[in-house]
(Lines give C-alpha, C1' and ligand atoms only; values in the text may rest on other atoms or scores of the structure.)
Protein backbone atom coordinates (compact mmCIF):
# COMPACT_ATOMS: atom_id res chain seq x y z
CA UNK A 1 0.00 0.00 0.00
CA UNK A 2 1.36 3.45 -0.88
CA UNK A 3 1.95 6.05 1.82
CA UNK A 4 -0.90 8.11 0.46
CA UNK A 5 -3.35 5.24 0.61
CA UNK A 6 -2.04 4.25 4.05
CA UNK A 7 -2.56 7.81 5.35
CA UNK A 8 -6.08 7.78 3.93
CA UNK A 9 -6.86 4.46 5.63
CA UNK A 10 -5.54 5.73 8.95
CA UNK A 11 -7.62 8.91 8.65
CA UNK A 12 -10.74 6.83 7.99
CA UNK A 13 -10.08 4.54 10.95
CA UNK A 14 -9.47 7.45 13.30
CA UNK A 15 -12.58 9.15 11.95
CA UNK A 16 -14.65 6.10 12.81
CA UNK A 17 -13.24 5.98 16.34
CA UNK A 18 -13.94 9.66 16.97
CA UNK A 19 -17.41 9.52 15.43
CA UNK A 20 -18.27 6.51 17.58
CA UNK A 21 -17.16 8.23 20.78
CA UNK A 22 -18.37 11.78 20.13
CA UNK A 23 -21.82 11.80 21.69
CA UNK A 24 -22.21 15.54 21.08
CA UNK A 25 -21.92 14.98 17.34
CA UNK A 26 -24.82 12.53 17.50
CA UNK A 27 -26.90 14.85 19.69
CA UNK A 28 -26.59 17.52 17.01
CA UNK A 29 -27.05 15.16 14.07
CA UNK A 30 -23.61 15.68 12.57
CA UNK A 31 -22.66 13.45 9.64
CA UNK A 32 -19.01 12.81 8.78
CA UNK A 33 -19.23 12.88 4.99
CA UNK A 34 -15.58 12.85 4.08
CA UNK A 35 -12.32 12.29 5.92
CA UNK A 36 -8.71 12.26 4.78
CA UNK A 37 -5.25 13.20 6.04
CA UNK A 38 -5.63 16.79 7.27
CA UNK A 39 -9.14 17.40 6.12
CA UNK A 40 -12.74 16.54 6.94
CA UNK A 41 -16.24 17.43 5.82
CA UNK A 42 -19.15 17.31 8.27
CA UNK A 43 -22.78 18.25 7.61
CA UNK A 44 -26.03 18.78 9.52
CA UNK A 45 -29.55 20.11 9.01
CA UNK A 46 -30.79 23.09 11.03
CA UNK A 47 -33.76 21.76 12.98
CA UNK A 48 -36.45 23.39 15.13
CA UNK A 49 -34.36 22.67 18.22
CA UNK A 50 -31.28 24.58 17.02
CA UNK A 51 -32.59 28.14 16.89
CA UNK A 52 -31.56 31.25 18.79
CA UNK A 53 -33.64 34.15 20.13
CA UNK A 54 -34.14 35.70 16.70
CA UNK A 55 -35.21 32.48 14.99
CA UNK A 56 -32.06 31.68 13.03
CA UNK A 57 -29.55 28.91 13.69
CA UNK A 58 -27.82 29.39 17.06
CA UNK A 59 -24.24 30.54 16.41
CA UNK A 60 -23.02 28.01 18.94
CA UNK A 61 -24.44 25.16 16.85
CA UNK A 62 -22.80 26.46 13.68
CA UNK A 63 -19.53 26.75 15.60
CA UNK A 64 -19.93 23.21 16.94
CA UNK A 65 -20.31 21.89 13.39
CA UNK A 66 -17.12 23.65 12.25
CA UNK A 67 -15.33 22.57 15.41
CA UNK A 68 -16.35 18.97 14.77
CA UNK A 69 -14.82 19.04 11.29
CA UNK A 70 -11.72 20.66 12.82
CA UNK A 71 -11.45 17.89 15.43
CA UNK A 72 -11.62 15.23 12.72
CA UNK A 73 -9.08 17.02 10.53
CA UNK A 74 -6.50 17.68 13.24
CA UNK A 75 -6.72 14.15 14.64
CA UNK A 76 -6.71 12.47 11.22
CA UNK A 77 -2.98 11.67 11.39
CA UNK A 78 -3.62 9.44 14.43
CA UNK A 79 -1.84 11.83 16.79
CA UNK A 80 -4.12 13.14 19.50
CA UNK A 81 -4.64 16.88 19.32
CA UNK A 82 -6.69 19.34 21.34
CA UNK A 83 -8.12 22.69 20.33
CA UNK A 84 -6.15 25.59 21.78
CA UNK A 85 -7.79 28.54 20.13
CA UNK A 86 -10.60 29.05 17.63
CA UNK A 87 -12.18 32.02 15.92
CA UNK A 88 -15.32 32.30 13.85
CA UNK A 89 -17.10 34.98 11.87
CA UNK A 90 -20.60 34.85 10.48
CA UNK A 91 -21.09 36.53 7.09
CA UNK A 92 -24.73 35.41 6.93
CA UNK A 93 -27.30 33.67 9.11
CA UNK A 94 -28.19 29.99 8.67
CA UNK A 95 -31.92 29.28 8.69
CA UNK A 96 -34.33 26.55 9.68
CA UNK A 97 -34.09 23.68 7.22
CA UNK A 98 -30.71 24.66 5.83
CA UNK A 99 -28.29 21.83 5.17
CA UNK A 100 -24.95 23.09 6.44
CA UNK A 101 -21.61 21.64 5.38
CA UNK A 102 -18.34 22.38 7.18
CA UNK A 103 -15.28 21.78 5.06
CA UNK A 104 -12.02 21.84 7.01
CA UNK A 105 -8.46 21.93 5.64
CA UNK A 106 -5.04 21.85 7.29
CA UNK A 107 -3.07 25.01 6.59
CA UNK A 108 -0.12 24.42 8.90
CA UNK A 109 1.27 21.53 10.93
CA UNK A 110 4.70 21.34 12.49
CA UNK A 111 5.97 20.04 15.79
CA UNK A 112 3.27 20.42 18.41
CA UNK A 113 1.21 23.02 16.53
CA UNK A 114 -1.39 22.89 13.80
CA UNK A 115 -3.76 25.35 12.17
CA UNK A 116 -6.95 24.55 10.27
CA UNK A 117 -9.45 26.56 8.26
CA UNK A 118 -13.07 25.62 7.92
CA UNK A 119 -15.77 27.13 5.73
CA UNK A 120 -19.43 26.48 6.48
CA UNK A 121 -21.83 26.77 3.57
CA UNK A 122 -25.53 26.16 2.98
CA UNK A 123 -27.03 23.88 0.32
CA UNK A 124 -26.94 26.83 -2.10
CA UNK A 125 -23.27 27.53 -1.43
CA UNK A 126 -23.82 30.61 0.69
CA UNK A 127 -21.04 31.07 3.25
CA UNK A 128 -22.48 31.26 6.77
CA UNK A 129 -19.26 30.89 8.77
CA UNK A 130 -15.49 31.21 8.43
CA UNK A 131 -13.70 29.29 11.18
CA UNK A 132 -10.00 29.00 12.04
CA UNK A 133 -8.76 26.59 14.68
CA UNK A 134 -5.35 26.08 16.21
CA UNK A 135 -4.48 22.83 17.95
CA UNK A 136 -1.85 21.54 20.31
CA UNK A 137 -0.56 18.11 19.28
CA UNK A 138 -0.17 15.59 22.12
CA UNK A 139 1.68 12.29 22.45
CA UNK A 140 -1.22 9.83 22.38
CA UNK A 141 -2.72 7.95 19.43
CA UNK A 142 -6.26 6.88 18.64
CA UNK A 143 -5.21 3.60 17.09
CA UNK A 144 -2.26 1.82 18.65
CA UNK A 145 0.36 0.13 16.51
CA UNK A 146 0.31 2.84 13.86
CA UNK A 147 2.90 5.54 14.24
CA UNK B 1 -38.43 54.06 38.54
CA UNK B 2 -34.77 55.06 38.24
CA UNK B 3 -32.93 54.61 34.96
CA UNK B 4 -30.83 51.86 36.52
CA UNK B 5 -33.87 49.91 37.66
CA UNK B 6 -35.57 50.51 34.34
CA UNK B 7 -32.55 49.18 32.43
CA UNK B 8 -32.53 46.13 34.69
CA UNK B 9 -36.22 45.49 34.08
CA UNK B 10 -35.75 45.80 30.31
CA UNK B 11 -32.81 43.38 30.41
CA UNK B 12 -34.90 40.85 32.33
CA UNK B 13 -37.82 41.15 29.92
CA UNK B 14 -35.58 40.74 26.87
CA UNK B 15 -33.86 37.81 28.57
CA UNK B 16 -37.21 36.09 29.02
CA UNK B 17 -38.13 36.65 25.36
CA UNK B 18 -34.82 35.27 24.11
CA UNK B 19 -34.85 32.32 26.50
CA UNK B 20 -38.39 31.44 25.40
CA UNK B 21 -37.47 31.50 21.71
CA UNK B 22 -34.01 29.95 21.81
CA UNK B 23 -34.70 26.28 21.27
CA UNK B 24 -30.98 25.48 21.07
CA UNK B 25 -30.52 26.72 24.63
CA UNK B 26 -33.16 24.26 25.80
CA UNK B 27 -31.70 21.40 23.77
CA UNK B 28 -28.40 21.92 25.56
CA UNK B 29 -29.94 22.51 28.99
CA UNK B 30 -28.74 26.09 29.38
CA UNK B 31 -30.03 28.01 32.38
CA UNK B 32 -30.08 31.82 32.39
CA UNK B 33 -29.05 32.48 35.98
CA UNK B 34 -28.52 36.21 35.87
CA UNK B 35 -29.25 39.00 33.42
CA UNK B 36 -28.67 42.75 33.55
CA UNK B 37 -27.80 45.62 31.24
CA UNK B 38 -24.71 44.44 29.35
CA UNK B 39 -24.13 41.22 31.23
CA UNK B 40 -25.47 37.70 31.60
CA UNK B 41 -24.64 34.46 33.35
CA UNK B 42 -25.66 31.12 31.86
CA UNK B 43 -24.89 27.64 33.21
CA UNK B 44 -25.17 24.00 32.15
CA UNK B 45 -24.08 20.53 33.24
CA UNK B 46 -21.84 18.42 30.99
CA UNK B 47 -23.90 15.33 30.25
CA UNK B 48 -23.15 11.98 28.56
CA UNK B 49 -24.47 13.39 25.30
CA UNK B 50 -22.04 16.33 25.17
CA UNK B 51 -18.70 14.58 24.81
CA UNK B 52 -16.11 14.65 22.03
CA UNK B 53 -13.87 11.90 20.65
CA UNK B 54 -11.52 11.96 23.63
CA UNK B 55 -14.24 11.83 26.25
CA UNK B 56 -14.23 15.43 27.45
CA UNK B 57 -16.85 18.11 26.82
CA UNK B 58 -17.12 18.92 23.10
CA UNK B 59 -15.51 22.33 22.50
CA UNK B 60 -18.50 23.30 20.42
CA UNK B 61 -20.81 22.86 23.39
CA UNK B 62 -18.59 24.98 25.63
CA UNK B 63 -18.54 27.62 22.90
CA UNK B 64 -22.33 27.46 22.57
CA UNK B 65 -22.69 28.12 26.30
CA UNK B 66 -20.43 31.18 26.13
CA UNK B 67 -22.14 32.34 22.96
CA UNK B 68 -25.51 32.06 24.64
CA UNK B 69 -24.40 34.32 27.49
CA UNK B 70 -22.97 36.68 24.87
CA UNK B 71 -26.29 36.77 22.99
CA UNK B 72 -28.15 37.64 26.19
CA UNK B 73 -25.63 40.31 27.17
CA UNK B 74 -25.48 42.05 23.80
CA UNK B 75 -29.26 42.07 23.36
CA UNK B 76 -29.99 43.13 26.95
CA UNK B 77 -30.48 46.79 25.99
CA UNK B 78 -33.47 45.80 23.82
CA UNK B 79 -31.62 46.60 20.58
CA UNK B 80 -31.26 43.58 18.34
CA UNK B 81 -27.68 42.56 17.79
CA UNK B 82 -26.03 39.75 15.88
CA UNK B 83 -22.66 38.10 16.43
CA UNK B 84 -20.09 39.22 13.87
CA UNK B 85 -16.96 37.57 15.17
CA UNK B 86 -16.07 35.38 18.13
CA UNK B 87 -12.90 33.81 19.45
CA UNK B 88 -12.36 31.23 22.17
CA UNK B 89 -9.43 29.57 23.87
CA UNK B 90 -9.51 26.54 26.11
CA UNK B 91 -7.04 26.62 29.02
CA UNK B 92 -8.39 23.32 30.38
CA UNK B 93 -10.86 20.61 29.42
CA UNK B 94 -14.34 20.43 30.92
CA UNK B 95 -15.38 16.94 32.04
CA UNK B 96 -18.48 14.81 32.38
CA UNK B 97 -20.57 16.04 35.29
CA UNK B 98 -18.96 19.47 35.48
CA UNK B 99 -21.29 22.38 36.11
CA UNK B 100 -20.13 25.11 33.75
CA UNK B 101 -20.94 28.78 34.21
CA UNK B 102 -20.42 31.37 31.50
CA UNK B 103 -20.16 34.91 32.82
CA UNK B 104 -20.35 37.58 30.12
CA UNK B 105 -19.58 41.31 30.44
CA UNK B 106 -19.79 44.21 28.02
CA UNK B 107 -16.40 45.79 27.43
CA UNK B 108 -17.32 48.17 24.63
CA UNK B 109 -20.49 49.48 23.01
CA UNK B 110 -20.78 52.44 20.70
CA UNK B 111 -22.78 53.10 17.57
CA UNK B 112 -23.34 49.84 15.73
CA UNK B 113 -20.53 47.87 17.45
CA UNK B 114 -20.17 46.06 20.71
CA UNK B 115 -17.58 43.78 22.30
CA UNK B 116 -18.15 41.29 25.11
CA UNK B 117 -15.90 39.04 27.18
CA UNK B 118 -17.04 35.79 28.66
CA UNK B 119 -15.25 33.48 31.08
CA UNK B 120 -16.40 29.87 31.48
CA UNK B 121 -15.56 28.21 34.78
CA UNK B 122 -16.32 24.88 36.43
CA UNK B 123 -17.94 24.40 39.84
CA UNK B 124 -14.46 24.60 41.41
CA UNK B 125 -13.65 27.86 39.65
CA UNK B 126 -11.29 26.37 37.08
CA UNK B 127 -11.26 28.38 33.87
CA UNK B 128 -12.14 26.16 30.90
CA UNK B 129 -12.73 28.84 28.27
CA UNK B 130 -12.01 32.48 27.53
CA UNK B 131 -14.41 33.88 24.94
CA UNK B 132 -14.60 37.24 23.22
CA UNK B 133 -17.48 38.21 20.97
CA UNK B 134 -18.09 41.21 18.76
CA UNK B 135 -21.58 42.12 17.65
CA UNK B 136 -23.21 44.31 15.06
CA UNK B 137 -26.13 46.29 16.47
CA UNK B 138 -29.25 46.40 14.30
CA UNK B 139 -32.35 48.59 14.24
CA UNK B 140 -34.93 46.20 15.65
CA UNK B 141 -36.11 45.73 19.24
CA UNK B 142 -37.24 42.68 21.17
CA UNK B 143 -39.89 44.55 23.09
CA UNK B 144 -41.75 47.29 21.27
CA UNK B 145 -42.59 50.58 22.95
CA UNK B 146 -39.31 50.72 24.84
CA UNK B 147 -36.56 52.72 23.18
CA UNK C 1 -9.60 45.54 -22.42
CA UNK C 2 -11.09 42.44 -20.80
CA UNK C 3 -12.68 42.65 -17.37
CA UNK C 4 -9.83 40.61 -15.91
CA UNK C 5 -7.18 42.92 -17.29
CA UNK C 6 -9.22 45.96 -16.25
CA UNK C 7 -9.51 44.65 -12.69
CA UNK C 8 -5.76 44.06 -12.67
CA UNK C 9 -5.05 47.59 -13.86
CA UNK C 10 -7.35 49.06 -11.21
CA UNK C 11 -5.66 47.00 -8.50
CA UNK C 12 -2.25 48.25 -9.61
CA UNK C 13 -3.38 51.87 -9.66
CA UNK C 14 -4.95 51.63 -6.21
CA UNK C 15 -1.82 49.87 -4.96
CA UNK C 16 0.29 52.79 -6.14
CA UNK C 17 -1.97 55.33 -4.44
CA UNK C 18 -1.93 53.45 -1.13
CA UNK C 19 1.80 52.81 -1.26
CA UNK C 20 2.43 56.50 -1.93
CA UNK C 21 0.32 57.61 1.03
CA UNK C 22 1.21 54.92 3.57
CA UNK C 23 4.10 56.49 5.45
CA UNK C 24 4.17 53.62 7.97
CA UNK C 25 4.95 51.19 5.16
CA UNK C 26 8.00 53.28 4.22
CA UNK C 27 9.12 53.62 7.84
CA UNK C 28 9.20 49.83 8.09
CA UNK C 29 10.71 49.26 4.66
CA UNK C 30 7.76 47.38 3.19
CA UNK C 31 7.90 46.57 -0.51
CA UNK C 32 4.72 45.90 -2.49
CA UNK C 33 5.93 43.08 -4.72
CA UNK C 34 2.67 41.98 -6.27
CA UNK C 35 -0.87 43.30 -6.42
CA UNK C 36 -4.01 42.06 -8.11
CA UNK C 37 -7.78 41.95 -7.54
CA UNK C 38 -8.17 40.54 -4.03
CA UNK C 39 -4.56 39.72 -3.36
CA UNK C 40 -1.23 41.33 -2.53
CA UNK C 41 2.30 40.34 -1.63
CA UNK C 42 4.45 42.59 0.56
CA UNK C 43 7.98 41.91 1.83
CA UNK C 44 10.52 43.38 4.26
CA UNK C 45 13.84 42.56 5.86
CA UNK C 46 14.14 42.23 9.64
CA UNK C 47 16.63 44.92 10.66
CA UNK C 48 18.44 45.77 13.90
CA UNK C 49 15.71 48.29 14.71
CA UNK C 50 12.86 45.76 14.57
CA UNK C 51 13.68 43.47 17.48
CA UNK C 52 11.83 42.69 20.68
CA UNK C 53 13.11 42.04 24.20
CA UNK C 54 14.30 38.53 23.39
CA UNK C 55 16.18 39.50 20.24
CA UNK C 56 13.78 38.20 17.59
CA UNK C 57 11.54 40.21 15.27
CA UNK C 58 8.93 42.18 17.25
CA UNK C 59 5.56 40.50 16.75
CA UNK C 60 4.02 43.89 16.10
CA UNK C 61 6.28 44.40 13.07
CA UNK C 62 5.37 40.99 11.66
CA UNK C 63 1.72 41.83 12.18
CA UNK C 64 2.17 45.22 10.49
CA UNK C 65 3.63 43.49 7.43
CA UNK C 66 0.68 41.11 7.19
CA UNK C 67 -1.74 43.94 7.85
CA UNK C 68 -0.16 45.96 5.06
CA UNK C 69 -0.71 43.15 2.57
CA UNK C 70 -4.26 42.84 3.88
CA UNK C 71 -4.88 46.57 3.36
CA UNK C 72 -3.69 46.33 -0.23
CA UNK C 73 -5.75 43.22 -0.93
CA UNK C 74 -9.02 44.47 0.55
CA UNK C 75 -8.75 47.86 -1.15
CA UNK C 76 -7.66 46.45 -4.52
CA UNK C 77 -11.17 46.64 -6.00
CA UNK C 78 -11.10 50.45 -5.60
CA UNK C 79 -13.71 50.38 -2.83
CA UNK C 80 -12.40 51.83 0.40
CA UNK C 81 -12.31 49.27 3.21
CA UNK C 82 -11.18 49.39 6.82
CA UNK C 83 -9.96 46.61 9.06
CA UNK C 84 -12.59 45.55 11.58
CA UNK C 85 -10.92 42.58 13.19
CA UNK C 86 -7.64 40.72 12.76
CA UNK C 87 -6.04 37.70 14.35
CA UNK C 88 -2.52 36.35 14.10
CA UNK C 89 -0.62 33.33 15.33
CA UNK C 90 3.12 32.83 15.31
CA UNK C 91 4.27 29.25 14.60
CA UNK C 92 7.94 30.32 14.66
CA UNK C 93 10.04 33.40 15.38
CA UNK C 94 11.44 35.61 12.61
CA UNK C 95 15.09 36.54 13.09
CA UNK C 96 17.47 39.39 12.32
CA UNK C 97 18.25 39.42 8.61
CA UNK C 98 15.26 37.32 7.58
CA UNK C 99 13.46 38.41 4.44
CA UNK C 100 9.77 38.11 5.26
CA UNK C 101 7.03 37.87 2.65
CA UNK C 102 3.35 38.32 3.43
CA UNK C 103 1.05 36.78 0.87
CA UNK C 104 -2.58 37.79 1.24
CA UNK C 105 -5.65 36.28 -0.47
CA UNK C 106 -9.34 37.13 -0.42
CA UNK C 107 -11.42 34.28 0.98
CA UNK C 108 -14.77 36.02 1.18
CA UNK C 109 -16.30 39.26 -0.07
CA UNK C 110 -19.97 40.13 -0.18
CA UNK C 111 -21.91 43.28 0.55
CA UNK C 112 -20.07 45.31 3.15
CA UNK C 113 -17.90 42.46 4.49
CA UNK C 114 -14.69 40.83 3.40
CA UNK C 115 -12.28 38.27 4.87
CA UNK C 116 -8.64 37.79 3.92
CA UNK C 117 -5.96 35.28 4.84
CA UNK C 118 -2.30 36.09 4.90
CA UNK C 119 0.68 33.80 5.38
CA UNK C 120 4.07 35.24 6.34
CA UNK C 121 7.11 33.18 5.39
CA UNK C 122 10.87 33.59 5.56
CA UNK C 123 13.29 33.32 2.63
CA UNK C 124 13.48 29.55 3.30
CA UNK C 125 9.72 29.15 3.26
CA UNK C 126 9.30 28.76 7.00
CA UNK C 127 5.91 30.00 8.17
CA UNK C 128 6.33 32.67 10.86
CA UNK C 129 2.78 33.99 10.97
CA UNK C 130 -0.77 33.09 9.99
CA UNK C 131 -2.99 36.16 9.78
CA UNK C 132 -6.71 36.55 9.13
CA UNK C 133 -8.32 39.93 8.64
CA UNK C 134 -11.93 41.01 8.29
CA UNK C 135 -12.82 44.32 6.74
CA UNK C 136 -15.81 46.60 6.52
CA UNK C 137 -16.34 47.94 3.00
CA UNK C 138 -17.17 51.65 2.77
CA UNK C 139 -18.63 53.85 0.05
CA UNK C 140 -15.54 55.77 -1.05
CA UNK C 141 -13.10 55.02 -3.85
CA UNK C 142 -9.37 55.57 -4.22
CA UNK C 143 -9.57 56.45 -7.88
CA UNK C 144 -12.59 58.41 -9.03
CA UNK C 145 -14.32 57.63 -12.30
CA UNK C 146 -13.90 53.88 -11.90
CA UNK C 147 -16.80 52.04 -10.30
CA UNK D 1 10.34 43.16 51.60
CA UNK D 2 6.81 41.84 51.18
CA UNK D 3 5.97 39.48 48.34
CA UNK D 4 3.90 42.18 46.70
CA UNK D 5 6.72 44.69 46.74
CA UNK D 6 9.18 42.02 45.61
CA UNK D 7 6.96 41.13 42.66
CA UNK D 8 6.70 44.81 41.77
CA UNK D 9 10.49 45.23 41.91
CA UNK D 10 11.00 42.18 39.70
CA UNK D 11 8.46 43.48 37.19
CA UNK D 12 10.25 46.82 37.04
CA UNK D 13 13.65 45.20 36.55
CA UNK D 14 12.37 42.93 33.78
CA UNK D 15 10.63 45.91 32.20
CA UNK D 16 13.93 47.79 32.09
CA UNK D 17 15.71 44.81 30.49
CA UNK D 18 13.05 44.38 27.81
CA UNK D 19 12.79 48.10 27.11
CA UNK D 20 16.58 48.31 26.72
CA UNK D 21 16.68 45.41 24.25
CA UNK D 22 13.52 46.08 22.25
CA UNK D 23 14.77 48.20 19.37
CA UNK D 24 11.37 48.12 17.66
CA UNK D 25 9.83 49.89 20.64
CA UNK D 26 12.35 52.71 20.24
CA UNK D 27 11.83 52.89 16.48
CA UNK D 28 8.13 53.49 17.09
CA UNK D 29 8.62 55.84 20.04
CA UNK D 30 6.93 53.62 22.62
CA UNK D 31 7.14 54.74 26.24
CA UNK D 32 6.75 52.23 29.09
CA UNK D 33 4.71 54.34 31.50
CA UNK D 34 3.79 51.73 34.07
CA UNK D 35 4.79 48.17 34.83
CA UNK D 36 3.75 45.73 37.54
CA UNK D 37 3.16 42.00 38.02
CA UNK D 38 0.85 41.02 35.16
CA UNK D 39 0.20 44.45 33.76
CA UNK D 40 1.82 47.21 31.74
CA UNK D 41 0.95 50.55 30.19
CA UNK D 42 2.73 51.76 27.07
CA UNK D 43 2.06 54.97 25.12
CA UNK D 44 3.06 56.60 21.83
CA UNK D 45 2.14 59.57 19.64
CA UNK D 46 0.86 59.03 16.10
CA UNK D 47 3.39 60.78 13.88
CA UNK D 48 3.53 61.63 10.18
CA UNK D 49 5.48 58.44 9.55
CA UNK D 50 2.84 56.11 11.00
CA UNK D 51 -0.04 56.59 8.60
CA UNK D 52 -1.79 54.19 6.26
CA UNK D 53 -3.23 54.68 2.78
CA UNK D 54 -6.29 56.55 4.04
CA UNK D 55 -4.37 58.93 6.28
CA UNK D 56 -5.13 57.44 9.68
CA UNK D 57 -2.78 55.52 11.98
CA UNK D 58 -1.64 52.26 10.35
CA UNK D 59 -3.42 49.39 12.09
CA UNK D 60 -0.12 47.56 12.31
CA UNK D 61 1.35 50.35 14.44
CA UNK D 62 -1.63 50.32 16.80
CA UNK D 63 -1.28 46.56 17.07
CA UNK D 64 2.46 46.88 17.75
CA UNK D 65 1.73 49.26 20.63
CA UNK D 66 -0.76 46.84 22.20
CA UNK D 67 1.58 43.92 21.55
CA UNK D 68 4.40 45.78 23.29
CA UNK D 69 2.30 46.26 26.42
CA UNK D 70 1.34 42.57 26.19
CA UNK D 71 5.01 41.54 25.97
CA UNK D 72 5.83 43.56 29.08
CA UNK D 73 2.84 42.21 31.00
CA UNK D 74 3.36 38.54 30.17
CA UNK D 75 7.09 38.68 30.92
CA UNK D 76 6.71 40.73 34.10
CA UNK D 77 6.98 37.67 36.36
CA UNK D 78 10.53 37.07 35.09
CA UNK D 79 9.53 33.92 33.19
CA UNK D 80 10.17 34.21 29.47
CA UNK D 81 7.00 34.03 27.43
CA UNK D 82 6.27 34.26 23.73
CA UNK D 83 3.12 35.34 21.95
CA UNK D 84 1.19 32.39 20.52
CA UNK D 85 -1.94 34.06 19.26
CA UNK D 86 -3.32 37.59 19.23
CA UNK D 87 -6.50 39.23 18.03
CA UNK D 88 -7.43 42.86 17.66
CA UNK D 89 -10.48 44.86 16.69
CA UNK D 90 -10.64 48.54 15.85
CA UNK D 91 -13.79 50.35 17.04
CA UNK D 92 -12.44 53.70 15.79
CA UNK D 93 -9.49 55.08 13.84
CA UNK D 94 -6.52 56.75 15.56
CA UNK D 95 -5.41 60.00 13.94
CA UNK D 96 -2.28 62.03 13.38
CA UNK D 97 -1.20 63.63 16.64
CA UNK D 98 -3.22 61.32 18.87
CA UNK D 99 -1.49 60.15 22.04
CA UNK D 100 -2.34 56.45 22.30
CA UNK D 101 -2.12 54.47 25.52
CA UNK D 102 -2.21 50.69 25.65
CA UNK D 103 -3.23 49.31 29.01
CA UNK D 104 -2.67 45.56 29.38
CA UNK D 105 -3.96 43.24 32.13
CA UNK D 106 -3.46 39.55 32.85
CA UNK D 107 -6.74 37.66 32.75
CA UNK D 108 -5.41 34.12 33.04
CA UNK D 109 -2.10 32.47 33.86
CA UNK D 110 -1.57 28.82 34.71
CA UNK D 111 1.10 26.32 33.81
CA UNK D 112 2.51 27.17 30.41
CA UNK D 113 -0.39 29.39 29.27
CA UNK D 114 -1.38 32.97 29.83
CA UNK D 115 -4.01 35.34 28.42
CA UNK D 116 -3.91 39.12 28.45
CA UNK D 117 -6.33 41.88 27.46
CA UNK D 118 -5.23 45.25 26.27
CA UNK D 119 -7.31 48.36 25.57
CA UNK D 120 -5.87 51.17 23.46
CA UNK D 121 -7.34 54.62 24.02
CA UNK D 122 -6.65 58.14 22.78
CA UNK D 123 -5.96 61.19 24.95
CA UNK D 124 -9.72 61.78 25.14
CA UNK D 125 -10.43 58.24 26.26
CA UNK D 126 -11.81 57.03 22.95
CA UNK D 127 -11.24 53.30 22.46
CA UNK D 128 -9.34 52.67 19.21
CA UNK D 129 -8.40 49.03 19.74
CA UNK D 130 -9.34 45.99 21.78
CA UNK D 131 -6.52 43.44 21.86
CA UNK D 132 -6.30 39.95 23.35
CA UNK D 133 -3.05 38.02 23.45
CA UNK D 134 -2.25 34.47 24.47
CA UNK D 135 1.27 33.47 25.40
CA UNK D 136 3.25 30.30 25.85
CA UNK D 137 5.42 30.40 28.98
CA UNK D 138 8.98 29.10 28.54
CA UNK D 139 11.68 27.98 30.96
CA UNK D 140 14.08 30.93 30.77
CA UNK D 141 14.32 34.04 32.93
CA UNK D 142 15.25 37.62 32.15
CA UNK D 143 17.05 38.15 35.43
CA UNK D 144 18.96 35.22 36.85
CA UNK D 145 18.90 34.40 40.55
CA UNK D 146 15.23 35.29 40.93
CA UNK D 147 12.81 32.42 40.64
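Letters A, B, C and D mark the chains in the order given here, with residues in each chain numbered from 1 onward.
What we mean here is this: a residue touches a chain if its C-beta (ideal position, glycine included) is under 8 Å from a C-beta of that chain, and two chains touch if they have at least 3 such contacts.
Predicted model, so just to flag it, every value in this text is computed and none were measured.
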| item | value |
| --- | --- |
| Between A-D and A-C, the pair joined by more C-beta contacts | A-C |
| Taking each chain's C-alpha mean as its centre, the one farthest from chain D | A |
| Computed distance of Cα centres, chain D from chain A, in Å | 34 |
| Whole-Å separation of chain centres (CA-atom averages), chain C against chain D | 23 |
| Distance from the mean Cα position of chain C to that of chain A, given in whole angstrom | 29 |
| Junction residues of chain C - those touching two or more other chains | 84-85, 87, 89, 134 |
| Touching residues on chain A, where the partner in the complex is chain C | 85, 87, 89, 91-92, 107-108, 110, 113, 115, 117, 119, 127, 130, 132, 134 |
| Of all residues in chain A, those that touch chain B in their complex | 17-19, 21-28, 48-55, 57-61, 63-68, 71, 75, 80, 82-90, 93, 142 |
| Interface residues, chain D side, partner chain A - complex | 84-85, 87, 134 |
